[in-house]
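Note that chain A is present in both complexes that follow, paired respectively with chain B and with chain C.
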Partner chain A sequence: MRKSRAHYWFIGPAVALMILLLIMPVFVAATLSMTDYSLGNSSFNWVGIENYEKLFSRRSYQKMFSASLTYVLLVVPISVALGLGSALLISSLRFGGEMYKAVFFLPVMATLLAMAIVWEFALNPIVGVVNDVLRSGCDKSLVYGLLSGSWLGYEPTTSWYGAACIKKFPLWLGDKQYALGTIAFIGIWQGFGFNMVLYLAGLTSVPRELYHAAHMDGADSAWERFKLVTWPMLGPTNVFVITISSIRSFQVFDTVEALTGGGPSKSTYVMVYAMFEKGVKQNLLGIGSAITIVFLAFVLILTLVQVYFVNRRVHY
Partner chain B sequence: MMARANWLGEFFKHSVLLAGAVVVLLPFYLMLSYSLKSPHEIEANVGGFVGSQEIMTDQRCVKAGNPEEDCKMRPIVYNYTAAFKEAPLVRYMLNGVFITVSIFIIQVIVALPCAYALSKLRFWGRDVVFGMVIFCLLIPVHAIALPLYIMLAKVGLTNTYGALIIPWSISVFGIFLMRQFFMTVPDDLIDAARMDGMSEFSIVWQVMLPTAIPALLAFGIFSVVAHWNDYYWPRIVVTGNKDLMTPPLGLRMFKSDMDGNEYGPMMAATTVIVMPLVIVFLLAQRRFIEGITMTGMK
Partner chain C sequence: MAGIKLRQVTKKYGSINVLNSINLDVADGEFLTLVGPSGCGKSTMLRIIAGLETQSTGDVEIDGTSVNDVRPSLRDLAMVFQSYALYPHLTVQQNLMTPLRLRDLDFWERLPLLGYLVPGRRAKMAKITEEVRTVAAVLKIEHLLNRKPGHLSGGQRQRVALGRAMVRNPAAFLMDEPLSNLDASLRVHMRAELSELHRELQSTFIYVTHDQAEALTMSDRIAVMMDGDLLQLGTPDEVYKNPNDIRVAEFIGSPKMNILPGVADPNGQVTCLGFVLDQSLEGTAQRPEQGPVSVGLRPEHLTLRPDDTEGCFSGKLTYKENLGSDVFLHLETEGFEQRVVLRVKPHEANFAKLGQNIFYSAEPGKMILFGADGKRVGLTTQQSNGKPD
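Let's look at the complex of A and B:
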């Protein structure tokens, strides 16, 4: 290698932009989180940790944490399980695997905001197709019997479906009992295909010989093969998929902003939406920055957990 | 006996996957179907996929004082013309193309030389810079949106194309990806170029760039998809100025401006915005899946 000053020109812009656009904002947020700053005001006051105290004591922020956490706890396990399940099924198919793979990946590609609006129409309590289909099942004794649980000997009207047939089907996005679950459903719908592709990649790296070895040892059923070979070999993929989906679902915003606006009664008031509402809409940048810092801490912890597990478990 | 069990298993797997596919495709089906049908058919949930395509009268057109004859059209024509008339869809799409392409080009101009220096040049502080790249990979761009917004507002850049492009000019992920790729390029190639008297600049753009095309393509797919679909950032820095809106933001405005039963035109607009990426994806599935998953960081 020859002495040259070219590298200054090569790394200069990148380093400058990293400092200006990625590192500095973290410090700006940390500083502003201890003030009552608003855009347009010429000065601001230092308030110390008051913003953080608010975050951890006020009821509306408790709702924020619980909404974010519930969302993550709903979306991550289900989308990981669906991703793994569909990957296992697809990889064992004789034909048609590529087609399912493309179909399940489609939502990952499609503009989430646009698809959220379509889901909103589909879930509309009056003209929406979902409740329409559910309602139409009430008159059909076979569907009704199956869904209301009367085939198991339960009293049909005590089941969720039976009761809904008599009264009405949920408002989905307008009912605080269902809103977060519905938003989570859209998140799962959108994200499990991504997990599926990661699992498919993980599955191809499992050595064939291990299956033969398991067969020799008498592991014949699909379940035994999965338990003995596939699952342990997927360890690193699991860690990666779980952290990536946790971080992605912590960042949920589009569906909440477009469909519920954090409501009803703050049931879908997730962190990134709260950051947007406080900081941008209400110009309360101090509290917005405090949410930013707490959010960053969460994501950082998740990443460190991932690094810990990868270092511990990646070698066999 | 064995063959029959396999056949049954295969049948079972396909049924499960097909049921999943129906749920996954439901909103795409509805979107296309609603964009074709008349308001009446949408509300009553009749007419199958395309509807009856009976001639309908555009009530708004009549109210605007046009003769009724000129306002009669097929629902599909009504939906799509209304979508383009009521919202500056073309403008949104052009904005989307301009912004995503600019972002990608700037990201490459910044990241490629840096990745080259980090992988092929030896200089003081190289490990520090690489450490910085790794550190920055940990910062989710979603999370620092608020301070970035404040900084842009302070220099008066909100509601400009600059606000939509500048924050994305640095892609630490791009640097990381390109560096890993360049590590696999043999040093001999670069030495030979130096022997020929090429400057370091020409090496980056005339030797390294062409070898990096496959990695760049994957990165490009990732970058374009992420920024075409991004709603969060444009929502923060663009307030009300329709000339600057990206497709998702424009669609959101369309939704809030819409009066009640404009489902048809609304879904037509949605289709126009969603379909370009979906079609390209279906044509080049493998590359897309690779490009988006190799990244994972977002």
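Let's look at the complex of A and C:
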């Protein structure tokens, strides 16, 4: 019997496109990362691993790694926790849930670049609404008492709020102490609605009967039922949400580009922004490619961890 | 062990009545089955007894005390669910331990890691493990203790679910269609096992099913429910032989009871398919049942006749259902769309060919009459009209 070759025709186009659009560019980037090529040059020199040596030795790139990792470590836990919390609260609502879903999901749908401009105005140290509101609380004893801790018996001027009232409120995006935190805050604000939707979907797939069984077995408090049923049953959702949020936070770019440009003093110099700055703005394709390869390695590790270690433990 | 009482229990979802004023007494140690078609409110009633739902009005009493405001875990009941509802991330042993852990260990003792430091926890855990082993031995699932529910067959999961209910030694067991996810042969086998278990434990069982065969085979008493009403409560025999409502008659028994159209005249004579029946309406004075009635005849109470003698019905054979031990003959009668089913022995049915006209008669004294409202009407036997026995 003659073997059919139809399968090649079925998988052919997909494989060809995958090689052309996904795998080839990675190899090209890997090759370029060993050169000093710039766009427009007719030739290039092989420099071996010199680009990578720079990446792991120079101060500005150390700042890059630390900014990216700090951003991920801030955004992932908080946006996951907020997503889960809001999903649990919304799913326990009898009515009004739809409205909360829409409100929390809005920032996900909005263009982040446009939202970043709004945040830029809001966070402006002089005319911004954030500092305006904070400042207006200084002469209202109720707000001042609460925020400065003087009601709890602390010396008001030693608290953050009390000190800021006397001196000045932060510059937020212009201050290297606050800039990365502020960018992370915008990232959380924008991203947790997405996690919430994923968790809501995960919650609907938890069988009702398991909660009934938990009631019968004596899990009387909501916390006991969460521990016994909800959390274990959300296992696959957790893995997915954490992986997706980590990858998305590694990829943060638009807020940095729009609000800080990597500054002040490289405190928000995250990896994708560095890639863009080196590879596109300064036309140093070699070092830009090297950053890209390291970035890909990070994402690959995250994905492998998800597939090989965690997935096995959450599917029962 | 405990008796359970329901007093005027109603349940409404919005404007829909799911339960209409149910009164029910379940005796201590009784095996009571709630049976009815899907949507009749039987599962809702079970969940109200369990405390997973609250009734709109009425009282639930366990052992003489009202439990209306008592949370499910404190009612001392255990429930077996249709889907078994085992915790998929826990092993069989941990599943069986869960109710005991939640009952016997306090908050601090249940904490992971830290809990081990609480004095007295070891002794409690040893006792819990021992109790789990005992139950596992009774159900013969000791070899499964370290597996997760996902790696068990349907029958094994069923046993684990039973075990989780048994470990607490509850006052009563509530079972919500526990056998309906099993294959046919295992279901028949588990019926016997459940009955045995009930005898051993001497505990109250309330069992919900839509399968009338399960209800007839296992129960001490059956409560037939339909459209939110409790229609009849009685032993399996009573419900089968003396249904008090046409809906009960049609629901209990397989193949279902034949219902033939009839007319009652003012003298109490009933005419059915052109024949005057050998029984007439009870009483002589008022006959509100005068007019159309329904005559119920069980398939096993119809006998084949060799030829068209007097007092015989006839019908065309359209389908022969051979069950090996019995044969069901489906007959079509002119001017009457519902098929009549006869249950006969295989050797009696040998001659019958499809399309043939078959003659049959009803065994005397076996018919059941329902008035136009579907309620049972009493009959007395007369000598004159029927054929001689």
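Couple of notes before you dig in:
Heads up, the rule we're going with is that the second predicted complex is superposed on the first by the 295 of 316 C-alpha atoms of A that agree within 3 Å, B and C clash if a C-alpha of one lies under 4 Å from a C-alpha of the other, contacts with A are read in each partner's own complex, and residues count from 1 in each chain.
Keep this in mind: contacts are C-beta pairs under 8 Å (C-beta built on N, C-alpha and C of every residue); 3 or more make two chains touch, one makes a residue touch a chain.
No experiment lies behind these values; they were computed from the predicted model shown.
Model built by superposing both complexes on chain A: chain B and chain C fit together without a clash. With both structures placed on the common chain, the touch criterion links A:Glu209 to chain C but leaves chain B unconnected. When both complexes are overlaid on chain A, the residue A:Leu152 reaches neither chain B nor chain C. Contacts of A:Pro107 after superposition: chain B is touched, whereas chain C is not reached. In the superposition on chain A, A:Leu142 makes contact with neither chain B nor chain C. Legend: residue contacts after superposition of the two complexes on their common chain; A:Ala219 is shown touching chain C, with no touch to chain B. In the superposition on chain A, A:Ile166 makes contact with neither chain B nor chain C. By the touch criterion defined above, A:Val15 reaches chain B but does not reach chain C. By the touch criterion stated above, A:Phe240 is placed in contact with chain B alone, chain C being left untouched.
Number of chain A residues touched is higher for B, counting chain B against chain C. Closest C-alpha contact of chain B with chain C, superposed model: 9 Å. Residues of chain A that lie in the contact sets of both chain B and chain C are absent, per the superposition on chain A.
Residues of chain A that touch chain B in their complex: 1-2, 4, 6-7, 9-11, 13-15, 17-18, 21-26, 28-29, 32, 39, 82, 86, 89-90, 92-94, 96, 98, 100-115, 117-119, 121-122, 127, 129, 132, 189, 193-194, 197-198, 201, 240, 244, 247-248, 251, 253-254, 257-258, 272, 275-276, 279-280, 285, 288-289, 292, 295-296, 299-300, 303.
Interface of chain A with chain C (complex): residues 207, 209-210, 212-213, 215-220, 224, 228-229, 232-233, 235, 316. Of all residues in chain C, those touching chain A in their complex are 47, 50-52, 71-73, 77-79, 81-83, 85-89, 98-99, 102-103, 148-150, 164.
Listing the residues of chain B that touch chain A in their complex gives 10, 13-14, 16-17, 20-21, 23-28, 30-31, 34, 42-43, 45, 110-111, 113-114, 116-118, 121-123, 129, 132-133, 135-136, 138-151, 153, 166-167, 169-170, 172, 175, 194, 199-201, 204, 225, 228-229, 231-232, 235-236, 247-248, 251-252, 255, 263, 266-267, 270, 273-274, 277-278, 281-282, 285, 288-289, 292-293, 296, 298.
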